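These are the structures, in structure tokens.
Shared chain: chain A. Partners: chain B in the first complex, chain C in the second.
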Partner chain A sequence: MSDEYPSLLRSERMSLVQLFVPTEVAHDTVHELGELGDVQFKDLNPSVNPFQRSFVGEIRRIDDMARRTRFFDAQIEKEKDVVPVRPLYECAPLLTVGPRSAQTVDELDTTLSQYESKLTTLNESYQTLSERTRELTEARHVLRETAVFFDKAHTQTSNIRSSFDDSATPLLTSHDDREGGYSAGSFDLEFVAGTIERSRVPTFERVLWRVLRGNLYMNHTDIAEPFIDPSTNAETRKNVFIIFAHGDVVLAKIRKVAESMGATIFPIDANADKRADALREVENRLEDLQTVLYNTGIGRRSELVKIGESLRVWQDVVKKEKLIYETLNLFNYDVRRKTLIAEAWVPTRDLTKIQLALRHATEESGTSVPPILHELQTSKTPPTFHRTNKFTEGFQAIMDSYGISAYQEINPGLFAITTFPFLFAVMFGDIGHGFIILIAAVYMILREKAMAKQDNGEIIGQFFYGRYIILMMGLFSIYTGFLYNDLFSKTLHLFHSGWTFPDNSTRGVYTGHTYPFGLDPAWHGATNALVFTNSYKMKMSIVLGVIHMTFALCLQVPNHFRFKRKSDIYTNFIPQMLFLQSIFGYLVLCILYKWSVDWTKSPVSPPSLLNMLITMFLEPGKVDPEKQLYPGQGFVQMVLLGIAGVCVPWLLISKPYLAWREMHKTTGAGYVTLGNGEETAIARHSTDETLEGEEEGNGRAIAEGDEEHEGHDFGDVVIHQIIHTIEFCLGCISHTASYLRLWALSLAHAQLSEVLWSMTLDGRTDPKSIGGWIGLGIMGFMWLNLTIGILCLMEGLSAFLHALRLHWVEGNSKHFEGGGYPFAPLSFAGEGKEA
Partner chain B sequence: MEALFLTCIDNGFLEGIVRGYKSGILTQSQYANLTQCETLEDFRTQLSATDYGGFLANESLPLSTSTIQEKATQILVDQFNYLRGNAVEPLNKFLEYITYSYMIDNIILLITGTLHERDTHELLERCHPLGVFESMPALCVATTVEELYQSVLVETPLAPYFRDCLSANDLDDLNIEIIRSTVYKAYLEDFHSFCGTLGQPTQDVMQRTLAFEADRRTINITVNSFNTELSKEQRAKLFPTIGRLWPEGNNQLAKADDIDQVRAACETVSEYRTFFNDAGVSSSSAHGNGGIDDLAAASMLEDRFFRMEVFLNKQAFLQQFQYGVFFSYVKLKEQEIRNLTWIAECIAQDAKDRIQDFIPIF
Partner chain C sequence: MASLFPIFLVLAITLGLMSASFLFVRKGPNQAVIRTSLMLTFAVCYLTWMVTYLAQLHPLMVPTFSAPPAHTA
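So, the complex of A and B:
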């Protein structure tokens, strides 16, 4: 069985294997298995603290390396001009396996730390330089601004002192219009000048005002350009301020406040010439500094460019190494024997592949001791692993998001590949809309490689992930569109209609020729078109629904066989099937029969099937001859109702009864319920002993974490079966009704698309004037947008959700067991995607 | 019921958030793991498995205890700011009240630092980030209380609390301590009455917590004022007028001369009775060396107060639809940071025998 071709019908057969890996090849083995991505390791030291495990030292070292690569990444990101980072697939790979692997990692470690220290020193010098530049720039600004201020004061001969009593008003504006008796140049006032962060200016002013008891003469102006901190890239905006005051104490106080508020104070001379000198000097120094700064920046940049060339490889290596050592930490480490013992789940049919990989790893590492792999017998439930490809992946994901199916259970994901798009298309049926989403899917599939590489964002990424689902949905929608004969709410006249309208009469005359495929276009625009399509789509929904449910019910059978529960066929499957078919299967037959009868030639009018179903329950055995569908109907319905009636207690009682009898038999034979658990315990114990011979007391490797054994409690069986019966019988009715959503959504979709057409394009398709053409252009644009936005995207999503529900609830409730856990193999590829 | 729904509309989200934060508080077993660490690197590895996650991942080695404390505090501050950013009145006001105690601490820190002529920037760095306010740096300028109030504090929300202590003129160590106590007393009383306006569940929970806080301060002031210049009248003035010891316990404490009298005063409250059990024994056994012994008793007392605080704050989480959880979360987290710092400090200084002396929370 294990050699069979991989199918989606059941999850892969898994084996629990034990690996004995010599320490020398452990790293390479895990690396090889990680590349293979097919092995799920079990944690053999669940009780050990993370930092007490064997390979903590290595992990710590790698964490430090990872921190360095992150540091480089951040540095590159921060660089104003984009530093080219060579993508991973263009870089030469760094070999971390083989005999030289340890050396490679050591080298990488030193390279990384070298670069880091180099970069840090460069950053530091860059920072000090830019710090000094900033200071000088600030000084320049202060000098300039104060110069402006002094110049103004000189020319306008303003009176500063007279403003003391009114310091709360902005002085800059008020001093302009004051004429004072003080002559220019009589500045015997002392002052403090400097720069301060703009956001702090109001607080600064307030505090000063209070500290100086209102005697504040302060002037400040904005510095236009922001200062950028090179290490954080944060922008700060600053203001130049100048404060005049008298007396040493007050000045000291101002200085102290200014310093505590984070201001920088510059010594400025009151003398204009000296100020000019200072400004010149500052300018010169600034120029020099800027040259140095520029050179440092260039040096730093070239360093970053060098790093950027191989950064991605380093990150890749670091990530892989970390994963490897984390995996190694799951292993059982036997210090004396220098071997690592691992346990892992692998797909049984890949065992040879894994063996090959192990051998390859041994060869690569250049040692002669290969890791030993052997299969273990276990009673533990293996993980569920569906081997998917890019086509089936999406469909499987739909089903997995409902629940992971039990190990080796029939996988509903396989059938979803056709049922899902089909049920979607029943609701979405329109050739045009189907074509639009088909094109979208085809586009995504054609650009698959390119799109897979780039980051598509969350929404586009979702669509891209489901591109094959969309493809199938598009194809099926076109098909159902042909069935409904619906193209953007218009019809196609592919064949000759079966109806003629003689002499402009509104009553169609049947020509005796049936439209070969789909809906006859003559129905389009007929007054009773809606009545007809409603009746047709409603009945079709029921027919499809019952078929879908019957099919889902049948999926139980292989499960019962596989899990060796043959009795469930008699106790569950057959009564359920009979119940479903005797009521709803019968309804479907009646629908089909009613369709096949030409009621225009029948003496009686067509009976309502809904009423028929109701009277079948209310008055069993009696059928009004007026409303009779076929002779002998009363008897048939009574028999069917009888069958359905019998099925309920059958379903309710038979399984608990069998369980009770089984229990009785075992207790009667002198066994107690412990039996089963004891047996496995003994079996495990014996494997322990055999192992012990090999590894001297390391049998602990497998004897951990008993899978809890579900006690076969009789009460549980009864309650479970009662719930199951009620759920199934009521479910049959509500689920059948639930399939009417197929009709409802299909109707809504058709109506919406018709309304959209009539509101925008109807009557404009044949423009006569320029205005008409413009109108057509505008309306056509609107129509196209709304068609894509509302009809394809929104309606499509709603139909998608309803199809999802029909699968999850109506379909899966008939057979799905679930409760499995997904196979999560160690894989480098998956890790790479995450980052 | 109506009030309940209204609380939900305004604060349901934030309460959910804070309860989520609370479940990230380290548990006993996580502490047990942490205490087994050999180095600070182990400590980091161990912490990365908790809700702290990779908060230290980008720190270069070697780690220092202060970095750990700083980063952990930063997490608390970020969480708090998130809560505050999303809060509406009156929760907003409530959260602001929580910051006041940190502001008081910062002010006192700055004044003391300035008094001892420490570097201003160093002082500013040591301030608790939750209690930072705009004009705080200017505190360094002031030399008298009057000036302090007039130049800086008048515009902060703390201004009313300082009004009572303007009489103290000189800034010396004792006066600063008196100022701290007076201001804190005013703050506690104000917070207490504010919680009274918030209606039932909050009032209940918060006033219980604040009452304990007040009692703790009262007892601490009493114990610390033995053998100092502080007169008994002055001492009585510093006691908050809330709490379970108030009024008769406070009166007794105001007159107390040694730890035994303190214990006698606390007898009335059953929960506080146990605090003094061992302390009393040890002080009577070694009576000759009273000063040092009182010190030991006080530190033991402090420890028990912390335990009690943690207990009360944990209890706040038992009640829904009230603001106490916000207060309690901040306090618990603060305790956790203290614990982490303690453990880290013990690891760094290789004092394994005292590593268990932290106060477990959950």
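So, the complex of A and C:
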């Protein structure tokens, strides 16, 4: 069976292989297999805590390196001017295999930690310097503003003096007294000056007033520019305040209150010259700090630029190494012989490719001991692997979303390549709209390579992933558009119509010549057009639905053969097929027959098919001769009803009966069924002798197995068959009706298209004035946007969903078993995207 | 004259195309996909065309208009 040509029809054959890898070459082997992307390793240490596995130390080191690369990424993000990061395919590669690989990784580790410490110190010093700058700026403001206060106070000294007579004396010192009053400068009041947040100023004033009982004079001004906190980028606005008061106790209280309100107090000298000196010093220090800050910023940026040149390749290496060590943790470490033992699933077809890869890895690493590959016999279920290419992967993905096929089961994805776009098109049929989505698909396909490299975003990314699905949908939609004769709600007159309107009558006369391809254009605009098209589309939906279900049912048969249960063909497939055909297959034949009869030449008026079906069940065998479709109908219908009636118990009972007979045979012969055994640790050591120096493929070891054998309980079979029978029989009826959505959506689509035309461009296509031209332009623009947005996108998504549902529910329920798990090989390919 | 003959003729053509695609698609990794897709495509295209043709063969109703249509046959 291993030489059958693998295809998408069913999963590829998978083999369980055992790899014996010497420790020296282990890292390079896993690297090579990861690049290949064809091997799925099994976890041989499932009961071991992740912290107790063999390679935990290496993983910890790599995690550290990963953390550092993430730190670099964050720092680069934070830079206001964009730091260029060289993309991966332009970076110089780091060689992580071969004899010097350990050295390379060590060097990388040191480089990363060096960069990290450099960046951290630079960041810290930048932080400190910014703090200092802020303090100095505040001091400068305070100095400036207090200068203003003092100047103002000078000019007002006279006013103060005149308003306060003797009681003013305590506020002023004897200096002024001696000089007779209005002297400049020597304002010997003690004061406290500083800055405080603007929002706190009123509270501050109130508190001070209450505490000091009004024995203070406070003045404050806004600082115009806000202060920006470098770490949080938050803006704070501050005010400069100066409080004049007298007495140490009072001043101490002021200072305490100020500090509790979060104000910063600056030492200001009363002397104007000293203040000027202080201001100059502050300005100088500020300038120096600015220079240092600027240089630090430049230095930091140059470090980041250097990092940016190799960041992507570092991240790539770190990620690969982490994957490699995680995979190595899955292996079984045989300490005695210094080898690692691995078990993996590989596609049987690729065994040679993998052996070549192993040999290549040995050559790269420079050792002479190659890893050894052994095929194992196992009863465990392999993963399901469908080898897809860029065309088929979209279709396979949408069918896999319902459930992964069981191993070696018929893959519904293969047929979905045609049936899915087809059912979509039946609901979407319009030449113009089909053409639009076709162009969109072709555009994406032509720009495949470029679009695959960039990050397209979630929505466009989804459309891009399904570009081949959209291509097929477009092609089929154009075909059904020709059949429905619908081009943006207009019809095409490609051939001679089958209807004439002699003498300007409003009723058509049939010429006897049928329009050869699609719907006759004579129906366009007729008042009873919908009556005709509804009947046509509904019947077509039933015909297509029954044929789709029959096809899906027939897909059961290869599964029964492959899984060696031929009896299921007689117990399941045949009764199901007979049931379906005797009722709904008969209905389809009646539809086709009724269409093929020329009722004008028949003595009987055309009977309603729906009534016929209902009376077939309600009054079996009795058919009114005035309403019969064909002679002998009554007898035929009774036979069909009888067949359907027999099929239900046939489906219900035969399989349980066979299981019951089987069970009696085994118990009658004295056997007792074994319970599910526990995992027996097969001694791998026993296979060591057979493997020493042997070539690949010679020894066949039995893999240890969990008992996967389901106990085929008789009760289980009965219950399962009851459910299956009910589901199938009721499902037949409901699913057949469900296919009427093909009619419903195509009707909605046609009507929407017509309404859009009549509301925008109808009557405007022949503009007779400038206003007409402007109207045409605006309405045309609106028509185009609504066509793309509503009719193509919205209706398209809707039809996509319904076609998918038809495949998943109506189609898959007839044959699909599911329950498989997907083949998930170790692969470095998909890992390059996230940081 | 409207008859069932075209249906059988096109059926024969379709069956011929389906057999041709089965027999003449060259061996390769995509043989199954190409074969299945081509055969299914021919089959469904024929089915929908056949249903549309059959529905108009002996029509049970005539198109009526509110005003005489300006039609070219």
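We adopt the following convention: the second predicted complex is superposed on the first by the 658 of 835 C-alpha atoms of A that agree within 3 Å, B and C clash if a C-alpha of one lies under 4 Å from a C-alpha of the other, contacts with A are read in each partner's own complex, and residues count from 1 in each chain.
Quick note on the criterion: contacts are C-beta pairs under 8 Å (C-beta built on N, C-alpha and C of every residue); 3 or more make two chains touch, one makes a residue touch a chain.
Because the structure is predicted, anything quoted here is derived from the model rather than measured.
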Notebook entry, point to check: After lining up the shared chain so the two structures overlap, which partner does A:Asp598 touch, if you call chain B first and chain C second: first, second, both or neither?
Noted result: second
Notebook entry, point to check: Regarding the shared-chain residue A:Tyr536, is it in contact with chain B (first), chain C (second), both, or neither?
Noted result: second
Next item on the list: Using the touch definition from the top, say if A:Arg60 reaches chain B (first), chain C (second), both or neither.
Entry: first
Margin query: Tell me which touches more residues of chain A here: chain C or chain B.
Written below: C
Next item on the list: Across the two complexes, find the residues of chain A that touch chain B and also touch chain C.
Entry: none
Margin query: Quick check on the complex: what are the chain B residues that touch chain A?
Written below: 33, 36-37, 41-42, 45-46, 49, 57-58, 60-61, 120, 124, 134-135, 137-141, 147, 150-152, 154-155
Notebook entry, point to check: If you look only at chain A, which of its residues touch chain C in the complex?
Noted result: 5, 7-9, 387, 389, 391-392, 414-415, 417-419, 422, 426, 479-480, 483, 493, 496-501, 504-520, 522-523, 525-529, 531-532, 535-536, 539-540, 543-544, 547, 592, 595-600, 606
Next item on the list: Could you pull out which chain C residues touch chain A in their complex?
Entry: 1-2, 4, 6, 27, 29-33, 36-37, 40-41, 44-45, 47-49, 51-69, 71-73
Checklist line | Residues on chain A engaged by chain B in the complex (per definition of touch) | finding: 49-52, 56, 59-60, 63-64, 67, 70-71, 200, 203, 206-207, 210-211, 253, 256-257, 259-262
